[in-house]
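Chain lettering (A, B, C and D) follows the sequence in which the chains are written, and residue indices restart at 1 in each chain.
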Amino acid sequence: MAVEVQYYVLLSMALFSIGLFGILTRRNALLFLMSVELMLNAANINLIAFAFYHGNLTGQVFALFTMALAAAEVAIGLGILLVLYRNFRDVDVTVPTTMRW
Amino acid sequence: MIYEQIAFALFAFITLASALGVVLLREPWHSALMLGVALLSIAVHFVMQAAEFVAMMQVLVYVGGVLILITFAVMLTEREDATDDTETNADEVVQT
Amino acid sequence: MAIFELPGWTALAPAVLLAATALALFVIDSISPTTTNRGLLAGTATAGSLAALGVAVWFVLAGVGTPTIDGGRGVIDVLGNQFVVDQLALFFMIVITVVTALVTVASYDYMEGHAYQAEYYSLVLLAATGMATMAAANSLVTIFIALELSSLPSYALVAILKDNRGSVEGGMKYFLIGALSSAIFLYGISLVYGATGHLQLETIADVIGNGDANDYGGLLGLGILMLIGGFAYKTASVPFHFWAPEAYEGAPAPISAFLSSASKAAGFVIAFRVFTEAFPVARTASVIGVDWTVAFIVLAVVTMTLGNFAAATQENVKRMLAYSSIGHAGYALIGLAGISADGGALVMGAAMMHLLVYGFMNTGAFLFVALAEYWGVGRTFEDYNGLARQAPVACFALGICLFSLAGIPPLGGFWSKYFLYTSALDAGLLVVAAALVVNSALSLYYYSRLIKAVWIEDPVVERDSLSQPIGLYAALVVAAVMTVALLPMFGPVADTAVNAATAVLT
Amino acid sequence: MTTKPRLRVGRVLLPGVLAVGLFGLMALIVLNTSFGGSQGFPESIAITSELGYAMFGLEELQSTAGSIPNTESFLAAFFLIAVVLDAALDGAIVLAKREEEGKPVVALPSQRDDPDTTRSATGRETAADGGSDSTGSVTATGSDADSAADSTTAGSGTDDTGGDA
């Protein structure tokens, strides 16, 4: 028999926590972006595992849409990052402090 | 089938280890590489859950598209010297 | 009422019109990429949003979404129930399109000389499309994608002044918090899917209702908690509020108006729809063991208090308005806090009314800031001193908007807050009602401070006479006039809101 | 890139504890949930084609005998995501394009004397902390020297705030 679903959920939760940890600790905006990708992938693991568990394909199709959205988000994010780099010469999220955080 | 459990454990370990690598490695470039490993091993999990098509898309879209884009941005925004990170880190430690 | 019967998908016409206008702007942009014909671009954008507004109003009057027993045409499902057009959707589509029209008119002057005219307007309309589809989305899939559709152009819009460090910084923070919260929201969706096996709101409610989800109470609760996080981001309420001051302050002022009015309303409509349709209070409480309205009571009180106290300490006008917009999100959250009580529909209707009135008065206030930025007078309260001497009309309009925001009778803001207050009392939310009163009193302090600066104080530096940009003036005056003109219509409109709330609650 | 991988430690204790705590909490919830066995998908059905039917809402094509039940139609989401990708394209173009004198340019930049010729830049710069005169205030965070070096080397390539050309 296949691996039970709760192990996949545990795996995805661990991945989610790691992504959150990365967001809390890293100051490089690129690393922030990568950590968000990890969290999105954690959600995808959940969706796929639950699709298998419930025996319907809703989760799988939604995971496909999630990938497209993640790609779109990264495109916009990198655009903002480039503008940020041009203005501040850095992609450190703590450097821009023209306003209070 | 014990093989499936072994495969799951192995790839779960790879996924988590490379995810930790993403958040812990100092160089953004290394992190991007580890992200690629993590994404590929997640694709293996997808295959084990009967989602072959999604796994394929994971490889094509994520690894082939998003990761390349991120790597590109890493190269574009790279700081000239890598010692800076250490310096500011030390600075931070002193402050806190 | 209509002579001929339209096909079902046309019920989404407001959103489709907005998207079509955005695409038309793409075409204009690709035909002449360097066009400086601001009139054409702003005119197209405004015409598109006004057309969408007209269609939405027409649908309401024609009875789309009104239950058939009341002589209406019933709720219309589109594309396999992924979208639903009911009174709630149409009400918020009206709010969104009104704000979009005001913002595009104001941008005619504000974006003068800017390099990305066509892109700017198409991004505004794409974001508006996303918000309008959020109003109609009826499945967690479409909700999530529509949320992204409204977010992605907003990130670009906030950072569109690429040489301005404040704008870029605001855009970055908006994007980072947005990416984080959309990841959390998606994880919440995946957990809800895990607990119920569905993503379509009614089927989720069915699964919860017939007890199939009883084993997964923990997962469902965690998922709902994460969904609340996503809504909090979109509505700029605690705990994901801290992007708001930065993004609103850094963004071009019309965009601040757009985000703080339309985007917030769109966030509330999905919150209303998801929590009333997918997670019926009583059934969900028996599965997860907690009544989720408690979370909203806490969030409402904390959000309004934090927003108003932070606003009271600001020196920067735009930032003050940003914090006050967080405070108003707290008022609107009362609508979700009171759902479980008997008068739940009244509370939710009152919150919808408040969002409608807020759409006008808050847009007006931010557009005055846009006007000040256009003049280049500076950003703090002192910089605004004595503006009324040069621009009495604009300052009068500002006065109306601010007094309405503060809730001074007999303006629109007073009635919607009063309505909220009485319905919250009826629903037994004493703490929330008390917090509403205290915060309104506090907000009067900082709003009147701005009015005093503009009307009473002497200017710190002598200014030349100020220009009167026609677009900004028109949008500002219309916003103020509508804040007043809502008064005679308040009763019927409020009835519509309460009917819409009743329809989704039952 | 030639440096060997190094781990970052320090300054991560509190977030680390937080993340582990969050994981513990979520794991507790999962371990207390009793999952049954997975239903899985019937062997005889091509999942990829079912995915396609679901994505385009072709319900009559979804294989009837022993089909995969309860899959929703994603046609609406499909339309919507087309618009999303449009928006992403538009936004990315706006942000990544470079401009000089208020006009987008494609070539590598040349020197610029007055950065404030665009209307969008003037009038607002006053309050935005030092405006566009480049790296001055940024580098106050303790890395003056190397940022300055950075901007002289990289400045010729990507700078468009113009101050350090």
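Basically, a residue touches a chain if its C-beta (ideal position, glycine included) is under 8 Å from a C-beta of that chain, and two chains touch if they have at least 3 such contacts.
Every value quoted in this text rests on a predicted model; they were computed, and no experiment measured them.
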Each chain counted as touching chain B and chain D at once: A
Mean-CA-position distance for chain B and chain A (Å): 11
Inter-centroid spacing, chain D versus chain A (mean Cα positions, whole Å): 9
Cα-centroid distance, chain A relative to chain C, in whole angstrom: 26
Inter-chain centre distance, chain C versus chain D - centres from mean C-alpha coordinates, in Å: 24
Residues of chain A touching at least two other chains: 1-2, 9, 14, 16, 18-19, 21, 25, 33, 44, 49, 52-54, 56, 58, 60, 62, 64-65, 68-69, 71-73, 75-76, 78-83, 85-88, 90, 96, 98-99
Set of chain C residues in contact with two or more other chains: 141, 145, 148, 152, 155-156, 159, 162-163, 165-166, 197-199, 250
Shared-contact residues (touching 2 or more other chains) in chain D: 8, 11, 26, 30, 33, 35, 40-41, 47, 51, 70, 72, 74, 77, 81, 84, 87-88, 91-92, 94-95, 128-130, 141, 150, 154, 158, 160-161
Chain pairs in mutual contact under the definition given at the outset: A-B, A-C, A-D, B-D, C-D
Chain B - residues contacting chain A, complex: 1, 4-5, 8, 12, 15-16, 19-20, 22-23, 28, 31-32, 35, 38-39, 42, 45-46, 48-51, 53-54, 57-58, 61-62, 65-66, 69-70, 72-74, 76-77, 79, 88
Residue ranges of chain D in contact with chain A within the complex: 8, 11-12, 15-16, 18-20, 22-23, 26-27, 30-31, 33, 35, 37-41, 47, 50-51, 54-55, 68-72, 74, 77, 81, 84-85, 87-89, 91-92, 94-96, 98, 128-130, 135, 138-139, 141, 147, 150-151, 154, 158-161
Chain B partner contacts - residues on chain A that touch it in the complex: 1-3, 7-8, 11, 14-15, 18-19, 21-22, 25-26, 28, 30-31, 33-35, 37-38, 41, 44-45, 48-49, 51-52, 60, 63-64, 67-68, 70-71, 74-75, 78, 81-82, 85, 90-92
Chain D-touching residues of chain A, taken from the complex the two chains share: 1-2, 4-6, 9-10, 13-14, 16-18, 20-21, 24-25, 52-58, 60-62, 64-65, 68-69, 71-73, 75-76, 78-80, 82-83, 85-90, 95-96, 98-99
Interface residues, chain C side, partner chain D - complex: 19, 22-23, 26, 34, 78-80, 82-83, 111-116, 119-120, 122-123, 126-127, 129-130, 133, 139, 141-142, 145-146, 148-149, 152-153, 155-156, 159-167, 197-200, 215-219, 221-222, 250, 373-376, 378-379
